[in-house]
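Given below, in the form of structure tokens, are the structures.
Presented sequentially are two complexes of chain A, the first with chain B as partner and the second with chain C.
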Partner chain A sequence: MANFGNLSLTLAFTFAIYAVISLITGTKTGRRDLIKSGENAVYVYFALITSAVVGLLYLLVTSNFQIEYVASITNRDMPVYYKLAALWGGQAGSLLFWTWILATYAAIVTFRNRQRRTNLVPAAVGIMSMTTLFFLSLNVFAENPFSELAMSHAGLEEQLPFAPADGRGLNPLLQHPVMVIHPPILYLGYVGMVVPFAFAIAALITRELGNAWITLIRRWTLIAWGLLGFGIILGGKWAYMELGWGGYWAWDPVENASLMPWLTATAFLHSVIVQEKKNMLKVWNVTLIIATYLLVIFGTFLTRSGVVSSVHAFAQSSIGSFFVSYIAIAGGLCVWLVFSRLEYLKSENELDSVVSRESGFLFNNLVFLGACFAVLWGTVFPVISEAIQGEKISVGAPFFNKINIPVGLFLLFLTGVGPLLAWRKTSPRSLKKNFLWPMAVAMVAAAILFATGVSGFYPLVSFLLCVFVTATIFVEFFRGIRARMRAHGEMLHHAFLRLIGKNKRRYGGYIVHFAIVLIFIGFTGNAFNRETKGEVTEGDTISLGAYELRCEQIEEGETPNYTYIVATLSATKNGKPMGTLVPEKRFYHASEQGTSEVALRSNLAEDLYVVFAGVNEDNNRAVIQIFLNPLVAWVWIGTIVMIVGTVVAILPDGRDVRIQRRKRALEKLLRASEKI
Partner chain B sequence: MFNRVSDKLVCQCGCNMILRVCNHFECPSALPMRAEIEEKILAGAAEDAIVTDFVEEHGKVVLATPSAKGIDLAAWVMPGFVVLMGLFLLLYFVSDWLAKKKVKPAASQQQLDSGTMSRIEDELSRLDT
Partner chain C sequence: MARKNNRVVLGVVVVIGALVYFGFAGFQEGKAYYKTIEELHDMGDAAHDKRIRVAGTVSAGSIERDGTEITFRLEQNQLTLPVRYTGSSPVPDTFQDGAEALCDGKYLPDGTFDAKLIQAKCASKYEAEYGTKEAGQ
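Moving on to the complex of A and B:
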């Protein structure tokens, strides 16, 4: 099976080279036969990489420890679903997974556009194949997941195959149900950003820099953006449940690596609307999507090269030089392409007024990029500082919080302001009309919160802005619904649904904005977190706020995979029983690592989060840590709303469907006439 | 005081987490560091003195945030500087666009306003694709 995997990858590498050459040459020369052949090569390398993935999964499930990757990432007693998840649990496997997702995207883009007669698609697939080729080169030459273990024997010159009795096991922190879905979702979003990039570069190569490429990538970008956002929050959920430190975001370099392209992609999703409506910002949009792509590759480099310290980075590896070279070459080529096509990227309109939707988007972009730069700068600063001073420094969560909280709040403010500004020019009268009620409602809400004891500048501002943005979204829906009810005599719920249905993109966007408000409510809850720690034995109590936990039992046990110690705690709130909580500490045999399994009681107001922190060896008492985290549930609720909004925005409008039908009919006619 | 001090320091096991929140199982770095802080607090040491002791022992890498001195000051200044530069560029382009708009003859606008033009262009581009 290892040979089969190796052969598949080597053949895929060859076919990817062929696909790149034939698709780019076919596009430049207009030879349809070359393009067709290149597209077939894409299907072939996709099938070959799929075979390699299936082969590796088989080796993982059957515990073939002769394969170095299998021995380093699994052990016999691991459940099958974690053995399958081990595909993305280690360096070589996750790189193969990256390649496979990209090849899948390339095959889908090729298949979906197989009848489109434009040079954009083959050029874009050629660019995607180029990125696939880079990752395949890593799979084949640097981090081959099918490498076999071998060891020297006395008296023999050559090394002989070797298989240990058992593997080292998957990192216990990764043995969590969320980790079965978080990496695939994150990768789908992360790798999906290659699709809009490929179309942007294809547009530059073919000089087809009208709005065609923008139209083609709109849904791809939204899908990738939505999945990346969902993946990031799922990662937060995993950290919250598995790392056991009471939070969900630690500004870890690996977390930052996924956030940065999401920020630039969000900026792109906004500024591209200006290009669609006004034919402006063409250079800017191409630059944003290139930046997103380079940040995706850079993020992959950060995670895998060992260049920065992180709780969940992969092992130190030599592949850093591959990435640095690729980023330098790809970045250089992109800059050259943009400069050489500047005459095709000229704006066809000018800004009419500073107070307009267009300039609102520009400010939004500035702040998104500012936030992205702050995250990037904080992430790489230890490396820069060490290179200059020769002394390593740390840039931890307090730095990122200090810089990004005000930036985030300003973005939240723009989320409310942007939709209230009119295209071209907003008159002072319109400004007053649009802002008066939302701002008044927000000020009243802030006054009430202050009067009820909510203190602190940032929390108050955050809540005020959350109310303001919600009010602006409500006003937008209210006006639209009222207009429909008056014009068509519709009932409220019909008017609501049809309003969204008639302009899914706009109202899907508002739903996403509302989701951001909910997520910010959850973030703001961090300002009121409380915690305590205590040592208990059976019969002891420990309390925090209105909660009291009584230790009923402490029990030790063993499964084939790990030993554990659990505390059974009966909880009461204001004296009322609320069931038992069972925090657990595990120690995994194969990897010799421990983990915390958090016990959680969550409601809309707060999370009671209990951690079995360890055992005091001096007195044999259990160390229990309790966190009271207000409003966390809103982060997860906001994420679900964000997915709903993204799906609504992705769905085609009735007008789009009609245009697509006409286009397909025209293309059929064209092909029929060519045959005649 | 323990929380304030341990929030200013980073665990040295390589996890890059704030010392107070690192909860690695029997962490060889966080546990002794936290014990040391507790000892120093009991001995009556001041907050800044405890932090300084840790910096002397481990180097600047133990601090959770860069100091505001020398090269490390750049960590704090650069994000603001970049945003200001971006704002400056943005204002430059916006004023340039507005100036261009003013010198353009209004004749074309009298025939079709730009909103209608963009809608027509939008429709045409959709049909093109």
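Moving on to the complex of A and C:
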């Protein structure tokens, strides 16, 4: 099976080389036969990489410990779904998974556009194949998941293969249901960003820099963006449930690596609208999507090479030099391409006013990019300062928070203001009409919060903006619904659904904006977090806020996979019983590592988060830590709303469907007439 | 027209200025120096007024929990550093004997390190494990 996997990967590598060459020369010379053959090569390498993935899954499930990767990441007693999830649990496997997702995207893009007679698609698939080729070279030459374990024996020159009796096991921190879905979703989003990038580069190569490429990628970008955002928050959810330190975001380099392309992609999603409507910002848009792509590759490099220290305990690796060379070459080529095509990228309009939709987008972009740059700077600063000053300096969470809290609030403000500004110039009258009531409502809400004891500048501003943005969105829906009810005599719910259905992109966008408000409510809760910790033994109590926990029992035990110690705590809130909480500490045998299983009671107002922090060896008392985290649930609720909004924005408009149907009928007719 | 564009430019300058200001202030607040234990010993008094990050291996058997405080020894190139953890978060699950730990905090004049934050990676004992298994086969 290992040989089969190796053979598949090597063959896929050759087919990818062929695909790149024939697709790029095919588009350059306009030879359809070359393009066709290149597209077939894409299907072939996709099939080959798929069989390599299936091969590795088979080796993982059957616990073939002769394979180094299998032995390093699984053990016999692991449940099957974690054995399957081990595909993305370690270095070599996750890189193969990356390649496979990219190949899948390339095959789908090819297949969906097979009827389209444009040079954009084959050129774009050629660019995607180039990225596939780079990752395949890592799979084949640097981090081969199929390499076998070998040992030298006394008196023998050559090394002999061997298989250990059991594997080391998947890092127990990764043995969590969220971990089964977080990496695939994050990867789908992360790798998906390659699609819009490939089309941008294809547009530059073919000089077809009109709006065609932007229309082609709109849905792809939204899909990748939605999945990336969902994946990032799932990672936060996992950290919250599994790492047991009471929070969901720590500005760890790996988190930053996924956030940076999300920031530039969000900027791109917005500024591309300006290009569509006003033919402006063309250079800016290709630059943003190139930056997103390079950040995706750079992020993979950060996570996989161990260049910065991180909680994600991936091995130090030699693949760093591969990545650095690839980023340098790809970045250089992109810059050259943009410069050589500058004359095709001229803006056809100018910015007229500071209070206009255009400048709203401009500030949106500026701030997103500023945030991205700050995160990048903070993440790589230890490396830079060591190279320049010879002294390694890290900046830590205070740096990231100091800059990103005001940035986030400014963006929240724009979320409310931007969509209601008029293109070109907004009159003072329309400003008053659109913003008077939302601002008034927000002021009153902030005053009420202040009067009821909410203090702190940032939290108050944040809540004020949340109310303001919600009010502006509400007003938009209200006006649209009222207009429909008057014009068509529709019922309220009917008008609501029709309103969204008739303009899914716009109202999907509003739903996403509302989701951002909900997520910010959750973020703001952080300002009011409380915690306490204490040593308890049976009969002791420990309290925080309205909650009191009484230790009923401390119990130790063992399963085939791990030993555990668990505290049973009966909880009351304001004296009313609310059941038992059972925080647990586990120690996994195979990996010799411990994990905390958090006990969590969550409602819309706050999370009660209880951790079994350890045992004091002197007196055998359990150390229990309690966190009271207000409003966290809104982050997860907002995420679900965000997915709904993204899906609405992606759904085809009624108009699109009719046009497509007519187009297909026409093509059918044409083909029929060709036969005659 | 030109005047209106000036206002856009002014807006851009204000936003960038604010970003730079917050970035600089955040840097002053959050910066910490990576030092080896050896460098820490050689720095003298200069070591006590900076935020320091020091990495090393947790000495086997040195972890002691006293109430909510944790003390342990950090090892690096045969040098050891006594550490007292007084941070508010629970230490990560990966923090255990033999783990690679990164401590963030202050180096006190009495020679102990007052850590407010600990990151840890689990030890890779794994290659050695194969060796022992092979010897037994």
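FYI, the second predicted complex is superposed on the first by the 661 of 676 C-alpha atoms of A that agree within 3 Å, B and C clash if a C-alpha of one lies under 4 Å from a C-alpha of the other, contacts with A are read in each partner's own complex, and residues count from 1 in each chain.
Everything that follows uses one rule, which is that a contact is a pair of C-beta atoms (placed from the backbone, for glycine too) under 8 Å apart; a residue touches a chain by one contact, two chains touch by 3 or more.
Here the structure is a predicted model, which is why all the values come from computation and not from measurement.
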Record, for the superposition on chain A, whether partners chain B and chain C clash or fit. clash
Which of the two partners, first being chain B and second being chain C, lies in contact with A:535: first, second, both, or neither? second
Quick one: is A:164 in contact with chain B, with chain C, with both, or with neither? Answer first, second, both or neither. second
Go through the superposed model and pick first if A:354 touches only chain B, second if only chain C, both, or neither. both
Which partner chains sit in contact with A:362 here, chain B, chain C, both or neither? Use first/second/both/neither. both
For A:377, select first, second, both or neither according to whether it touches chain B, chain C, the two together, or no partner. both
Looking at the overlay, does A:505 come into contact with chain B only (first), chain C only (second), both, or neither? neither
Check the residue A:617 against both partner chains and state whether it touches chain B (first), chain C (second), both, or neither. second
So, does A:406 touch the first partner chain B, the second partner chain C, both, or neither? second
First (chain B), second (chain C), both or neither touched by A:151: second
Footprint intersection on chain A (chain B / chain C) at 243-247, 309, 311, 350-354, 359, 362-363, 366-367, 370, 374, 377, 391-399, 402-403, 593-596, 611, 613-614, 625
Chain A to chain B touching residues, read off their complex: 118, 210-212, 215-216, 243-247, 250, 252-253, 276-279, 308-311, 347-354, 359, 362-363, 366-367, 369-370, 373-374, 377-378, 381, 385, 388-389, 391-399, 402-403, 423-424, 585, 587, 593-596, 611, 613-614, 625, 659, 663
Going by the contact rule set out above, which residues of chain C touch chain A in the complex? 1, 4-5, 7-8, 11-12, 15-16, 18-19, 22-23, 25-27, 29-34, 53, 55, 64-68, 70, 88-94, 96, 102, 104, 119, 121-126, 129-130, 133-134, 137
Using the touch rule from the top, collect the residues of chain B that touch chain A in their complex. 7-8, 10, 14-18, 21-26, 59-66, 70-72, 74-76, 78-79, 82-83, 86-87, 90, 94, 97-98, 100-101, 104, 114-115, 118, 121-122, 125-129
Parts of chain A lying in touch with chain C, wherever the complex brings them together: 72, 149, 151, 162, 164-165, 168, 171, 173, 243-247, 309, 311, 313, 315, 350-354, 359, 362-363, 366-367, 370, 374, 377, 382, 386, 391-403, 406-407, 410, 531, 533-535, 591-596, 611, 613-618, 623, 625
